[in-house]
Every structure is written in C-alpha cells, then in structure tokens.
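The data blocks that follow each hold one structure.
Both complexes shown next keep subunit A, but they swap its partner, so subunit B is in the first and subunit C is in the second.
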Partner chain A sequence: MSADTQRTHAIRTGSSPVTRRALLKAGAGAAAAGAASLALAPLSRIAWAAGSDEPIRIGFQVHRTGIGATYGRWYERTANAAATYLNENGGIAGRPVELVPEDDGTDPKRGAEVVEKFATAHGVDFVYGPLFSHVVIGSAPRAGELKMPYFVVSEGYHVASGSLNRYVFQPGITDVRAQVQAMAPWVAGNLGRRVTMMFPDYAFGYDHRDYFSAAVEAQGGSIAAKIAIPPTESSFTKYFPQVPADTEVLYHVMVGPGVLTFVKEMGEHYGSNRPQIFGFIDSLEGVDIASPGLSFLEGTYLWEALPRYADGLDSDANRHYRERVGINDEGASVDDPKDVSTNSHMFGCWETLFVIKRAVEESGYRSRNPDDVAALIEALEGFDSFDEGIPHPQGYKEFNGALHQCYGRQFISEVREGRLAVVHTTSIEDGKYEAEADYTTQSL
Partner chain B sequence: MKGGPGARVLALHLGLIAALFAAQFVLGAYHHTNLARIMVLATYAVGYNLLLGYTGLMSLGHAMFFAAGMYGAGLSIYYLGFGAIPGFALGVACALGLALAFGAFALRTSGVSFLIVTMMFGQAFYLTILYFNQVTFGDQGFILSDRLPAALVDPDVKYNAALLVFAACFLASAFLVRSPFGRILVAIRENEARARLLGYDTYTCKLVVLTLSGGMSGAAGAAYALLFSYVGASFAAILNSIYPLLWTLLGGAGTTLGPVLGTGLMFYLVDFTSGWTSAYLFVVGGALLVLVLFFPLGVMGTVRAKLAPWIP
Partner chain C sequence: MVRIGSAVSTTSRRLPDPASAGSGRSPELLYPPGRLATVLLLLAAAPAAFAHAGERGFVMLLPTGLFQAGGTAAVAASFLAVAWLRAASLLRGMESAQWRCFPVPRRVRGTNAAAATLLVVLIAAGFAGSRDPLANPLPLAVWTLVWVGLAFAHAVFGYLWPHLDPWRPFASLARLAVFGSDEAPPPFSWPRMLSRWPAVALLLLLAWFELVYPAPRDPAVLAMAVAGYSVLTVTGMVLFGEGSWTRNVEVFSCFFRMVSGLAPIRIADENGARRLVLAFPGSRLPASDALPAAGVVFVVIALATVSFDGLSRTFWWLDLGGFNPLEHPGRSALVGWNTLGLAAAAACLLAAFAICTLAGARWSGTPAAPALRRFVVSIVPIAFGYHFAHYLPSFLVDAQYALKALSDPMGEGWNLLGARELHVTASFLTHHASVVAIWYAQVAAIVAAHVIAVVVLHALAGGTASGRRAQVLSQLPLTVLMIAYTLFGLWLLSTPVAA
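Presenting the complex of A and B:
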C-alpha cells in the first residue's frame, strides 16, 4: 500500500493505517486487505478530483498511544470526518484536504520530533490536533522555530497565557481558565459557596486550583480546602477525611484510570449524607456514565463543553456533526455502543479544520512560503467570531486575535438515571478574563 | 589501516566524529535535525554505557541525572537570566553533584539492590519535580525559546552544538575505557571481589565512574533544554531511564560505538514503524527480542566478537 493510499484510507475510515489488533491479525488477512486497498486506490482518487490543484496537506499530530490514546482515537475520527466533509464540499479554496497523521505517543519529546517530521519530511502546510498540555508545550517551540502554523485542540490556558509563540493557535475550543470561570456563578448560586477542591497534583489540576478558586471568591464564596492528589495514587480513602465538615460543594477534576475508584470510594465515605458535588467531564470522557461504579454520581453535576447526549443540544448543526463523526444519541460510536466518545473535546478538531479553511481562503494562502504564512497568520489574528452552524456545531464563538484563543458557551449537566441532562448553559461573558498577552507584537 | 591498536582506535573515533561533521553538508533537513537530536541522546547513552557496559552496574534511575542537567540549565536560564553557556555549565555541575551525592550511599548496595535503589531515587526525583510545581511547572514543563540566543534557532548551530557536546563525551569515554582506570572498571565488572583482593578501592572507582556517567547524562539533558527549548518532568520519568538501557543493549554494551549506533537505530526504528502502525512498540519489542536471542552482545559487541576484536 502506498503512503498516499494509506492516508486516503485513514481519512475515509477514521482509523490509523494499521491498528494493534490489525497487526496481530497480520498474515493472509493483511495481504488480502492490502490487495483490496490497492484495487480501490483509483476510486479514492476520484474523490480528490473535485479539486483541480495540489492538496492542502495538514499534519495531524495525534495521541494514538500513551495516556491520551482514548482522546486520540476520537480526535482522529473527528478530524477525518471533517476532512471528508470538506472534500465532499469543494475542499479548501478548491483544493482537496489531505490529513497526514503521525502518532506522538502523548509524549512531549516525540511531539517535537513529529512537528519536525511534518515540516521537513512530509512538507505539510500546517500542523494540528494535539490535546495534552505537556505535548503542546514541548512541541510548540519547534513549530515556532520552523515557522509552522500550529493549531492545537488542547483546552489548556498555555496559548492564551502568552507562553507559546505567534505560530500557535487554539481556535476550536475554549481554554480551561474561561471554562472554570464560567462555572463559578452557577456553582456558587445553586450549589453552595463553601467549596472544597480535589484535583490531580499536576498541571491540569493547577489550572482548576488557581482559576476556579479565584472565580468562586469573586462570587462571594470561599475555598474550604484544596486537596491535591498525586498522580501515582490508586486509592483515595485517606483524602476524603481531609474534606472540611462545613463543605457545601465538593469540586472534583480527577482524571485517568483511577476515576472509577475515586467515585466508588467517595460514595463509600459519604453514603447518603453528602455535600453537593460538581465535577468536570474530563474525569469521565470515554467512560459510560451508567457504569456500575459510577452510581454515586447520581444527582451530581458535571461541566460539559458539548453535551454527550444528543438531546442536550438539539440543533441542526449538532445533529449533522454527530452523524458525520458517527456517534449515537448516547454519545457512543454508532458501530460500538460501548465505545463512548470524548464529546466535550473532540468537536475542537472539527471546528479547527473549518477555521483553517476560512483562514486559507481569506488570506489567499497557496504554499508554505514566508509571505503566505504571514498572510495566513494575520488573517487568523483578524478573526473576531465564528457563527454557529455546520463549521461550528458547539456554538457561536468569539475569537481574540491577540491571544490566539476562542471562547464559547459551556454546559452544566446533572446525572439523572445514568444519563446527563443539561441544566444550564453559560454565556461567553461568564468566562471572560483580563488578557495577559498579545502575540501580534511578536515578529513573524 | 596499519599501525597499532591505539592508532586504529583513534582513527575510528575521530573518523566517526568527522563523518558526523561532514554529514550536515549532505543530509536533507529532516535527517539533519534528527541527527542533531540523536547526538544529544547518544551522549546520554555514552554516559550510561560507562556504568552498565564497563562497570557492570545497571541503573534504572539515570533519568534523574539527565533531568538534573536539564533543570539545572533550564531553571537558571528561566529564573536567573543565565546565558546558554553558563546555564549549560550549571546543568552539568548539578548532574555531577547529584551523581556524587547519590553514589556515595547507593554504591553501598550492588546487583539487584543497586538497580532498585536507582529506580526508587529516580522516581523520588521525578515526584520532587512534580511536588515543587510552582517552581518547576511540574509535568507541563516550560519553554526557554525567548530566553536563549537567537542563534540557537539556526539548524546548523543546533547540529554543531550537539556534535560538540557529543564529541567531547564520546572521546572522553573512549579515553577513559582504554586508560588504566578503565581496566579497573572492567575488572570490577568481571569480578569485583577479585579486584578488591588485588588492592583496588572498588567503591571509589565506582563512585568516580558513576559521577562521570551522571555528568555526561546531565550534559545531554542540559543540551536538550538549550537546543530544543523545552524542560519538562517527563524527561525524569522512568521511561527515560529505560531508553539508554535499550540503546546501549541494542548497540552493544561495553563498546564505545555501541550506544551511538543503538540510539540511532532505535530512533529510526520508532520513527519508521510509528508511521506504519500504532503498534510500533510491539515491533520495537520484537526487534529487541530478536536481538537478545541472536545477538546478545548487541550490534557492535557482535562485530567485535566476530570481526574486529580491537574495537574498545
């Protein structure tokens, strides 16, 4: 199978060229599949014939392996769905879109290597796709040095904080500082003003610790305790007694495989006499809310960026998006109901590709020469909003060109009968904060 | 080539450095950058090989020395405004100091106990970086780009700086293992009790080589921070202790060229297979199994055994 055929295949199926399972089934099956793919290659080419020019090649930096693999799997499906949709509708500036995936192993060292590979071996026009903060921060310096437009779907505050460089943009998902700030008015007004925070003792947790605590205090509330839990912890029973008795709201943002144990032990500690509980869906992305170990979450609340269940956001754009990506009304894969999506993050891959399309078309970008790249970046920095619709199913967004960051509405959902029911939608204003950077002052 | 073993060894090592210098003029941009990175990582493997290959001490905590160099350089540049060269020097000094202090009591153990102690301290060092996240930025790490000389963005500067660090450590390693001190290390590896009976202070010898090994690992870490502008806790995690072990075993433990070759082979093996399958670690593992079964001495170890016994 040629490299081009592999990429076409990846875009059309939403899978990596060879998965672990596929590798283990290698042999006669692989030979047959290879022959079939080669036979289909001419048919695949017909799809690209809609464009009359060379493709826009976009390096897709994906967490196929490592701690981010669950997210990566859905990010890749979403990006492939967006690319396929674009190609069926005229591509970008009349040119087909070609995604060139590379696995970064959710590792900052490999992430930087992958960015170099995109720039110097694959010769792509742009790079996009990474989620995990440490991978983005480890890769961004090389993107800047190589003058490679780098679109991240990371949610982290590192873009808007000004710590990266002028080539890095996050136009498809709101950053975590705005997210947690937007939660505070509703939490303080509906659940309680005395909050204890339990968060992982690493970067993701610190953004919550710093920005949510400040936002709650701005609402007249107070923080009873901040309990940092080391990432190596597998049992949490010793942490729950540290929660002060006057706590009205327990705020949790645990992530990783320990989350089921965390919830189970929280239930064993509190029983029926619990404070209000509010958490971030990051804890449960890719996990079925109706899992037996999560029954204690019944009646608690979770942040969502885009509702997992279809009835949470009943719009044409959202229905179209879900159909194209292949998720059912419960937020799982249409092919496998046990394969639950990471719906509060992966829409950023869809939306980012449409922002790239708009930037290319408005700037007149043709190839990755310094003038075209500069024009593209200045066009991006000139954007101020993205309207809700097929390109932006999550909703209307404001874009701050100086910060390279977008801001959208957020959702708060209650766990009811093992499902998530949206009870509140925040405004963009709820998450606004004072800007701390201006990338446009940096030279290109 | 005619001449004694010393001349051939010298020619081999200088020839490798000359070849690496010349490679920058013929390689395309992709392999040019890769080779710069491989030289930095090979410096780490060269340091590791001094301990494993020549002294017989297996460490699973060497990432702490790499990270000591990385954070020593990175934090001094980030907070204290150090320049690139003073930052690099401080990074190496931090790694040397840590290796000396760690070795002073860890070397009271040996064998499996030493392995476990190195792993425990390596993990403790990693968690310490996470614990002091207000200073170190924890797992997320921090960027040095805007605090480093603009010249370091130039691929040629990166390449030649990496070559300079690598060449210094590589030649020092070759000199060391061929010196009388290197012979004592090999004696310790083969039979430490006998070396002690012969009157050698094996504890001090091991302490010296551990310190040098840690220093070279720290030089690699400091160079990585400077050349690739990123400092992060993942470089202190146990996986980064396992890498130099694999590179050394693949290339040939106890050979000066082996760690260099192993680093390059492993880099390209991962790079190539990850573009082909998400199960690239499965392929890498398979390759290592084949190696262990059929070439237990590693590539250069096998070459030395079969073809060129004069290779150090």
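Presenting the complex of A and C:
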C-alpha cells in the first residue's frame, strides 16, 4: 500500500478478538512504527507505517475445549488484551498484530496438527499460547520440523530441560523447577525444616517431590515423609495418619476435583493442632479461596506467580495489566466478580507477546523466510533480561538464551480471612539451578 | 529498523558470561551436556496438572451418598405407589388429565425458509468464519442450540421440528427443479426391510462424532459434515418423500419426535381453532404406537449414548482404560478406548433392556414381542432426563457463546444481536452456591425422569398383560433396572470427572 492510500481508521479496541478482519476493518493506517513508547495512556487512534500495514500474524494455539478450557478462556482474554494494547500503541514494528486462534482441544496430537495448520493454511509468522505440558511436548517437534518459532506459556520444565528444540521458547513464565526450588529458603527459614510432602502419584507430583526435597535439604532441612497419593483417589483420610508426628511443614500439591475434599479432610484430621501447611495455587486456580470447604486453608501458605489480589503487587504496571485484562482487585472478572481468573498463569500470555514484539523489532524480522526466522531466533537467544514495566507486569526477569527460558520472582501468600496476602517475594537467585541444555548448539 | 543480528548472529553463540553480564543479573545457568539424557528421561512425562478443582470438587463435598440413596428410594417408592393402581385406570387418568388453556394464533409461516437461510449462513461461517469453535456460530448452533437447546424445547413444547427443519425448503426447490412441481410424488417408496435402521446407524454415527472423534467442534470439519448431511437429507427427501425420510432416516427428526412425547404442552386443533393444552409430562407416552424393532433400538441407544458421554469423563472409566485422569491425554488418544466404550454401552443397555423385558414377559406369561415394542417408550423420559442433566452446565456457558457468535457470524465485526461485546462467564461452574444449585437441578431431573418412567411403564403394562399380578410381574425386572439406573445416574453426577 502506498503512502497516498494510507488508511487512518481507528482500530477496534476493547475485549473483541483481534482478528484479521477486525484489523482490516480497522483499516490500520500510517505511522507509529517503532513508537513503542508503551505509555500508560493508550492512543485512541493510531495509524500504521506506510507500506507496512500487512499484519504480523500470530497463531494462537488455545485450549478452547477439553480439560484446559478453563485456562483457555482466560488465556484468550489476556492474549487479546495484550494484542489490543499493542495495536493501540503502534503494533509490532509498526505493523498491526493479528491473532489467529485455533483450538487444540487440550490434545497433544491435535496440537501438532494445529501447528501444521498455522504454518501451511494460515501462513502465520509465529505460534504462541499453549499451556498444558503434554500438549506442548506433543506439538513442539512439529514446530521444529516446520522451523516455526513457537512460544509456549506452560511453566513446564520441558523447555529448559533441552528436550524440545531450537524453535521453542518460554519467555513469559518461570518454569516449575525454578518455582518449586525458590520456595525452599523461605519455607525452611520461616515454617520449619522437617517437611512431609503429599503429592499425586505421577510425573507432576514427582517434579515437586524431587525438586523441593533437594532444595529444602540444601537449606539444611529434611524430609520426614514422601506420601504419594493415587490420582484416582477421592478420599484422603487414610493418608493423613501416615504423616510423621515430628512434621513441622506439610507440603501439598494435590490437583483435580479432589482438592477440596483433600483440604476438608485435612482440616478434620488436624483440627486446630496442625503443622504449618504450604501448597501451590495450581490446586485452586480459578476458585474463590473463601469457598465453603476451604476454610481450613486459613493461616496456610500458597505459592503464587502473580498475586491474585491487587494489593499483593502494587505497581503501575500491574495495575495497568489488570485494568487491560479486566480483572478487579480480588482477581476476578470486572464483568462478573464471581469469575475468578487464573492469575498465576495467564500473565505469561501478556508478557510473551511483548517479547515477540521486541524480538521482531530488534531482529528486523519481516516475513517467515529462513533468514528472517534465523535472525529472530538469534535475537531471542541474545536477550538476557526483561525489565519490569507494562510489557512485564509480573516483574523483572532474567532470560537464558541457551535454555530459551525466563526466570522471575515468585510470591508466597498467606490465606487470611478468605483472601491471599503476600508475605514474601523470592529473588530470582532462589530458583536458580544448574543448566542442562544449550539450544544454540542446534542448527537452524 | 536496524537489524541487530550482528550481536547474535552466530549459531555457536557463547553461553552467557556471568562476569560480563549487564547489571550483574545475567543468567548463570551452565550446562554439562552429558546430563541431557537424564533430563529427557525425567521430562518424558512432565505433564501439567491443571485439572480443575471447581465444579465437581464442590459437589464432592456434598453428602452425595445420601442423595443417591434418597433418589433411588424415591423411584422405588413411586413404583410401589403406582403398582397399587390398576394400569388401565392409570392410563385413562393420564390421558384425561389435560387442561385446555387459551387459544393460540396460527403458526407463523416461513419458519422453515428462515431455518434454511440460517443453515446456509452457518455452513458458510463454518468454512469462512472464525476458526475458534467458541466464536464460530456453526459448532455452537449444532451442538448447543440444536442438539441440546432444541431437545429441551421439544421436551416442553412438543414436536416443533417440522416447522424448523431447514432441509424441507431445499427439498421443495429440488422437486420443483427436477419434476417441475413441488406436488410431485416421490419416485420411490421406502424399502420396508430397511425400516428405521438407517436412523439407528446415523444416531450411532452422530454420537461417535460428538463423543469420540477428536475435533467435532472444528468449524471446517463440522461445516463439511453438515453440508454432506444436508445433501444426503435433501436427496433422500426428494427420492422418498419427507414423511418416509424423517420417520426412518433423518436422525434429528427421529430424536426430537422421541423427546417430544414427554411434552406437557401441545397445540390441539379444535375445528380449525388452535388451543394450547397442558398435560402431565410423559402422559401421552403410554398411548404411543408400538415401535418396530429399529425404533426400539433407537430409543435404547439414545439413552446409552448420553449415559456413555457421562461415563467416559469419569476417573473410573479413564482409570479402567489405563489413563491417568489427572493428566487427561486428549481425545485423540482415547478414540479406540471410547469407541469400544460407546459400542459396549449400547450393547449392554440393549441386552439389559431385552433381558429384563423378556424376563417380565416370561414371568407374567404375556407375549414377548408386544412388551419389547411397547415398554421401550418408558425409557424416553430417562433418556431425556440424562440429556438434560448431562448437558445443562455446558449449555449455560455455550449458549452465551452462541449468542455472541450469532451476533457476528462471519467475524466481520457485525453486531446483529447486540451481544458481540458480551463477556462470557462460567463463574456459576466454579462458585459454590451456583454449582450446588445446578447440581440439585440435575439430580431432580434424573429422579423425576425415572419416576415418570416407572409410572409410564405401569400404564403400558396394562396394554400387554391382564390382571394386576401379571401386569406387575411383567414390568418388575424393567422397573428394577430403572431403579438401578437411577443410582447409576446419580453416581455419574457425583463421581470425580476429568473434564
């Protein structure tokens, strides 16, 4: 499009999906390229750089159906909020951002098919968005074969482990290994050094068992017992008597519909005479902490990646992020205060899109030809940190270009009066572990 | 735009040097390659663990065992209560308990044409609209508004489908084009030997597509399926006539006709005037015609498929197949196991119905064939009760998406119904009070459906056996099955599920 045919229509804003048609309708027009000042006040009308109004098309692989649908709903909302914000502020390299959604059904095989569809049918520049680790693990090889930059928001250790490939990045959320390890210093120093772990008897539970037990022992603590609970268990009363009497901290990471029963039965078992209790918000993402049955959580502690309640992280960037996504001070939807968000995970969708923006702009990426893709990958691998601010409301992050993984601070919150109150913020150092991979040695 | 590739342009990029890192916060994560194999082994199974704690988690806190016992006892008690009544009296009572209400206007014409237009728009949207199954109106229209919403509507308002059938106008046009007249009789009569078996086959196919196929909500896949089914239906209607085709093949017609037998509302034609008539739900079922063998199988399979839909999500079923329910492997990995399960559910329920009905006929000394062909109607309330209870939560969410998608069917930024900016909420599935309220509604539907079934069965027994003892004996095994099925249905609503 030549300069004399520039269009200057306002871009669609609000919560609407950022689709190609929306963008074309919005008639993105001139200018604002590189004007990524990311000011707090959005520009109400912007225009796209002359001759560069072809959108950056990002395949949004979303868990719309299947077991991940609850998360998918919030991931979609966050991704659209980020894309809308970018488009109001100059887009990416002066080009509008277009999200192309495809449902993977939270299904690894379909995930791989969706990646292929993005590359062949939709002709997107990058793919982004999957959360569930088994979907990431099932989809990533296809992304590698297709040389498709693939940005996951999964918090799995699979990226940093080196088990995927050079085209896969996780720049928006810390991996679970670092998260778990970062808990140990505070838990050992404040709650107790004699820990019993209760975890589901499969790989997710084993990650916690192995990473946390090693980390707490490094802090001078010890593990009193490791109690693995079969995934199909729906009553837990027979497991609590197995907790040794000298336990100072009970570390639990139960997930699934049995969590509430677990908490209730834990309360019935211990009454008021209980050890300190520490868990992960994963168990209760999207659930009101003040729900009946959860009263026993009062006075216990939970990991959060980003505090659910606004007062847990009082920063301009976080306030801006929450406002744009549409979550209130209690971490629920502004449209429906009972609709609790998945706040400890979905910020990764926001932050990842800004990392993509930076990589595109710094690498000079224009289209998915091999040279531009290589330049983009190498630009990403050259990043070493992301400053806290509107693009990174969760906080400052280090990025390891060899591992394709970012590392940020974590939060520990206490349940007080049915709310979560942040009592500690970890340092990035707390979660560091010995690296075991280097993707940059793989050819592009 | 300045390319900065020079700074990072080599693939043999050095690992970050902690000493040279900016602001002293550079990564220090170094890497001995020999440990990669260990990590790969460790990470081979590193799944996420985000199975949701909400909806079913709250239900599991309720005294569900008491509800199961109470609901089952209520159905058993309702059998004991009606068993004292003469079946013939019950039948007469059910038929006569009608309340003629207000007159209603003549039906609106053009509904079929509107439905046909909508069908074309929806298929076009399936191919060209959003790829998001919750933004594209086709999957929402088919699976939410038609398969669930219209089933609910038929159970209340009776057989509406002839007025909403989108294929009839196309059949008229095709007849006009081929034979020069819409009045032309169909060139073929329906082969009697085929009976309603094609409808049975299509019901199984539809159920498999919905419950087992990995991507039934993919807009393009569904658009292809709907377009193909539309061609089949219109061709069939032209060749064999609408009456034969909708009675013997067209699965939506058959399903909605079956469900409409429950409707407490109907429009009676009284000397050309139309009047709304109220009756007890299911009260017209005992007067239904005896069904052919294929019709019997259709009704039983309708119950089997929706029952299996519930069962297939339970921890019990996934564990039985060797799948960890907390790391649900996705539908693709379950195609074989769930195909087997769907077939087994249909076979088991058919066998259970046949064995119970035949046992009753044998004990009571009544002929077996009429019992099989007539008693099956009593399963209709249960099939709908399951349909309602099973789909209610997802219907409440997806109906919002449907409204939103229909406001902008082609993703063009339209706002036809004013709902484009609607924020869809599912908080009632994660909030304790509403979860419990929905669960009560589901339990009530299951129990009420079985109570109606038991009453209808007793009324039907009057038509196949004479004498109270023979009537009770003839229905006893099937009644026991219904009581057991109540327990099963309430267990399905209470047990941990993976999706």
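Everything that follows uses one rule, which is that the second predicted complex is superposed on the first by the 392 of 444 C-alpha atoms of A that agree within 3 Å, B and C clash if a C-alpha of one lies under 4 Å from a C-alpha of the other, contacts with A are read in each partner's own complex, and residues count from 1 in each chain.
Throughout what follows, a residue touches a chain if its C-beta (ideal position, glycine included) is under 8 Å from a C-beta of that chain, and two chains touch if they have at least 3 such contacts.
Not measured: the values here are computed from a predicted model.
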Subunit B versus subunit C as contact partner of A:165, first or second or both or neither: first
Touching partner for A:57 - first (subunit B), second (subunit C), both, neither: neither
Touched partner set for A:145, first subunit B, second subunit C, both or neither: first
Partner chain(s) touched by A:202 [first = subunit B, second = subunit C, both, neither]: both
Which of subunit B and subunit C A:116 touches, first, second, both or neither: first
Of subunit B and subunit C, the chain that contacts the larger number of subunit A residues: C
Touching partner for A:392 - first (subunit B), second (subunit C), both, neither: neither
Partner chain(s) touched by A:409 [first = subunit B, second = subunit C, both, neither]: neither
Touched partner set for A:232, first subunit B, second subunit C, both or neither: both
Subunit B versus subunit C as contact partner of A:292, first or second or both or neither: second
Overlap of subunit C and subunit B interfaces on subunit A (superposed complexes): 16-17, 19, 22, 64-65, 102-103, 105, 107-110, 133-134, 137-138, 156, 158, 163, 202-203, 231-232
Subunit C partner contacts - residues on subunit A that touch it in the complex: 12, 14-17, 19, 21-22, 25, 33-34, 62, 64-68, 70-71, 73, 76, 93, 100-103, 105-110, 122, 131-135, 137-138, 154-158, 160-163, 200, 202-205, 207, 231-232, 234, 253, 255-261, 264, 282-288, 291-293, 326, 332-333, 335-336, 338-340, 361-364, 375, 378-379, 381-382, 384-385, 396, 398-403, 407, 428, 432-438, 440-444
Complex contact set, residues of subunit A against subunit B: 16-20, 22-24, 64-65, 102-103, 105, 107-110, 112-113, 116-117, 119-121, 133-134, 137-138, 140-142, 144-145, 156, 158, 163-165, 201-203, 206, 230-232
Residue ranges of subunit C touching subunit A (in the complex, touch as defined): 1-5, 7-13, 15-16, 21-23, 25-33, 35-36, 38-40, 42-58, 60-61, 130-135, 214-215, 217-218, 315-316, 319, 324-333, 411-413, 420-421, 423-428, 430-432, 434, 495-499
Subunit B residues within the subunit A interface of the complex: 28-30, 32-34, 37, 127, 130-131, 133, 137-145, 153, 228-230, 232-235, 270-271, 274-283
